[in-house]
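Both complexes below contain chain A, partnered by chain B and then by chain C.
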Partner chain A sequence: MNAGKIYFEDVDLGDEVGPVERIVTDEQVIEFTQVWGREEGPTRFTSPEKARSEGLPEAIVPGAMNIAIMSQLITAWSPTVRLRKLDVVFRSPVLHNRPLTLRGMITDKGVVDGDPQIECDVTMENEEGTPNVIGKAVVSLPVRE
Partner chain B sequence: MTAEDTEIKFNRSLLGVDHEIGSYAVTREMIVKFAHSTGETNPLYLDDDAGRSSEYGSIIAPPTFCNMFVSGVTRPDIELEFGDVSLFAGQAIECVGAVRPGDTLFARTKLKDVYAKTGRSGKMVFQVWETSFANQDGDDVARVQESFVRRSRRPR
Partner chain C sequence: MFIDLHTHSVSSDDSRATVEQYVKWVGVLRRKRYRIDGFVLTEHRKFDFDKDYSALAAANDVLIMKGSELDTNMGHFLVYGVTEALTSALDFSNVSMDALDLVKAADETGAIALPAHPGRFGIGLCEFADSGADLRSIAAAEGLNGSNRPGEQERAEDLIRRLGVPATGGSDAHLVSAIGKCMTSFENQVLTETDLVRELRSGAFAPVTLDDTI
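Let's turn to the complex of A and B:
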C-alpha cells in the first residue's frame, strides 16, 4: 500500500492511479468461496473440469471477487482516499494464477454536494493486455487544511 | 422513457417495489477472510491494531464486501416477454457507510428500470435491479446495482 497521504489538490485530470499487480491463486478462490458460502461441490470457480464442461477454458475467478480486487486500485492508493462508487462491466473471464494489472486514470474532478471527488476510468488487464474488467470509480479525497 | 420502452411487456407492478431478501450477520472472521482471499493489503481491513487506531475504532469491511451477498439473491420473475438469451451486463456498488464486525445487515432489492436498446445485433432489453443494505441501526451501508440484458438468438 502507498503510505503517502494524497489530497484533492494533489491530483489532476489525466493523472494515473496504479498500476497494481495481482495474481489470484487457486487457494484464494477456495478461501473466497468459503466465506462467500458457495462451496457446495465443484463449480466453474473451483474445478477446471466443471468450468470446461460449461465451455470455459479453465476455472474462473468469481465476479464478486473481481470487483473486490478492482477496488484495491483505490484502497491501495492512499489511506486518505475513500472509494464511493465502483461501476464495472465484465468483458472476459478472469483465470486463476495469471498476472493481472489494475490501472486507473483520472477523468473528472470536482466538488459534489460538498464532497471533493474525482472520477477514474479503471481497468483490469491480463498478461496479454486484454481488458477483463473495465469501469469507473468515484473517489473522495480530503482537502488540505 | 422512449416509445420503444413502453412497448416492452413485463410485470410493471414490480417496478420500484422493495422485496426483503434476508439478513446477514457479519463477523470479524468473515471480514478478514474476505480481505485476505482477495489479496487486500490495507491494514484497516485486516489488522485489529490498525482498526482500533482508525476513525472507525475497529477493522471495517473492504468497500465491496456487501457485493458477495448479492449473487445469492432470488428475485421475482418480471415476466419479460422478449428474447431467449440472458446475460449479465454489469454491476455498480455504492459504498455509503462502514460495515463493522458484529453488524447485522438487512437487504432489500427492487426492480429499478427496464429499458430497450437497439444495436448492430438487434434489440436488447435491459433490466436493472438495486439491492440496498442497512445495518441494525437502520443506517444504509451499501447499494449494489446489477444490469441484465435479454436478447434473441436471432436479431429481430
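Let's turn to the complex of A and C:
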C-alpha cells in the first residue's frame, strides 16, 4: 500500500487512494475492545448471540474500530501524509471475517492557512459492493523543497 | 440534457459534500469528457428555501436545482418543483407521511413526487407495492440509483414495469465523487424547476449512467 513519499504537487483531483483489502477477524475485535476498555461481558461486538438479540445479523465491528481502519487507508498511503480530520457516516453494520474494500478519491486540493491540504472521499465496502462506512478525510501533504 | 436528479449536500445530515465541491467535481467530470449539465439537491425531509445557488451555477455553467427526499409510509419519495404551497400543506419532517397524499398534494401545487430507489430493501416502494394501495397516481419512478445494493436494481425495474411509468436516474450522492454516477437524460431543455416538472410529466426522458454520456 505504501507508495513512497507523496508530495502536494504529485496529486490531483480524481486520483485514487487504495484500494486496500481488509478482513477484520473475531480476534482483532476482541483485542480492540480489550484495549478500548469500554465494554464488559458479551456485547454486540464480540458475541453473535448478543448481536442477534439486538436485531443484528451477527457480531459487528465497533464504529471506533472502523474509523481507525479508515484512517489507516490514509496514513498508510505515504509516510508524508498527516491526517487532519476524518468525518464518517455509518451506513450499515460491518461484520467480522468478511472481505472489506477501502478506497479513497481526491476531490479537492488547496492551501488552507498556509497548509497544503487535500480532501478525499473515503469508503469502506463489503464484498457485495455495499458501502458500510463513507466519509471525508482532510489530509496535509508537504510541498517539495 | 443530462441531469443528476438525486443528490445530497451537507444540508442533509448524512452527506459530507458541499454544493461548491459538487460543482468543482462536475468540472472534473467534464474534463474527462463526461457530460453532465446539472444536478438537483434533494435534501432529506426538508426544502431549503433560503439557499440560493444561482451565482455559483452561473459562474460555473452548471444547472443547480432544489428538491426534497421525503420519508413516507411507502418508502422514500423525491419531490421536484417544491413550492411554499406544498410545504404549507405537508410537514416535510413527518417520517410517516402518507405517500399518496404527497403525490396528490404535489400534483395540486405544480410539483411532482416520485418513488426514490423503489427497489431498496426496507425503504423502497417495492416493500409496500403489494399492500393493495392504488398506485396509479404515480407518474414516474427512479429507475437507476447510484447507491443501489445487489438485487435492488432488479426489484426496481420489475416494479417500474408493473407500474408502467417512465424511469429517472440519480446518483443518490452523499460524497463529492459520487455525483453524476447515474443521471436522467432529457430530450428537451430544462432550465428551471418548472421546466423539470413539465418534462418529468411528459415522459420524454430516460435513466443513464455516467459512462452512457461519453
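The working rule: the second predicted complex is superposed on the first by the 141 of 145 C-alpha atoms of A that agree within 3 Å, B and C clash if a C-alpha of one lies under 4 Å from a C-alpha of the other, contacts with A are read in each partner's own complex, and residues count from 1 in each chain.
Everything below uses one rule, namely that a residue touches a chain if its C-beta (ideal position, glycine included) is under 8 Å from a C-beta of that chain, and two chains touch if they have at least 3 such contacts.
These numbers were taken from a predicted model, which means no experiment stands behind them.
K.L.:
With the two structures laid over each other on chain A, which partner does A:Val89 touch: chain B (first), chain C (second), both, or neither?
P.N.:
both
K.L.:
When the two structures are overlaid on chain A, which partner does A:Ile6 contact: first (chain B), second (chain C), both, or neither?
P.N.:
Neither partner.
K.L.:
In the superposed arrangement, which partner chain does A:Val35 touch: chain B (first), chain C (second), both, or neither?
P.N.:
After superposing on A, A:Val35 lies in contact with chain B but is clear of chain C.
K.L.:
Is A:Met105 touching the first partner chain B, the second partner chain C, both, or neither of them?
P.N.:
second
K.L.:
Once the structures are superposed on A, label A:Ala76 by its partner contacts, choosing first (chain B), second (chain C), both or neither.
P.N.:
Once the two structures are laid over each other on A, A:Ala76 reaches chain B alone.
K.L.:
Report the partner of chain A that touches more of its residues: chain B or chain C.
P.N.:
B
K.L.:
Tell me the contact category for A:Gly14 with respect to chain B and chain C: first, second, both or neither.
P.N.:
A:Gly14 contacts chain C only, not chain B.
K.L.:
Using the superposition on chain A described above, determine whether A:Glu128 touches chain B (first), chain C (second), both, or neither.
P.N.:
second
K.L.:
Where on chain A do chain B and chain C both make contact?
P.N.:
Shared contact residues on chain A (touching chain B in one complex, chain C in the other): 87, 89, 135.
K.L.:
Which stretch or stretches of chain A touch chain C in the complex?
P.N.:
Residues of chain A touching chain C: 13-14, 87, 89, 91, 105, 107-108, 119, 121, 123, 128-131, 134-136.
K.L.:
Under the touch definition given earlier, write down the residues of chain C that touch chain A in their complex.
P.N.:
By the definition above, chain C touches chain A via 14-17, 21, 24-25, 28, 32, 147, 149-150, 174-178.
K.L.:
Any idea which chain B residues touch chain A in the complex?
P.N.:
30, 33-34, 36-45, 62-65, 67-68, 70-72, 88-95, 145
K.L.:
Considering the complex alone, what residue numbers of chain A touch chain B?
P.N.:
It is residues 1, 22, 24, 28-29, 31-32, 34-38, 62-65, 67-69, 71-72, 74-76, 79, 82-90, 135 of chain A that touch chain B.
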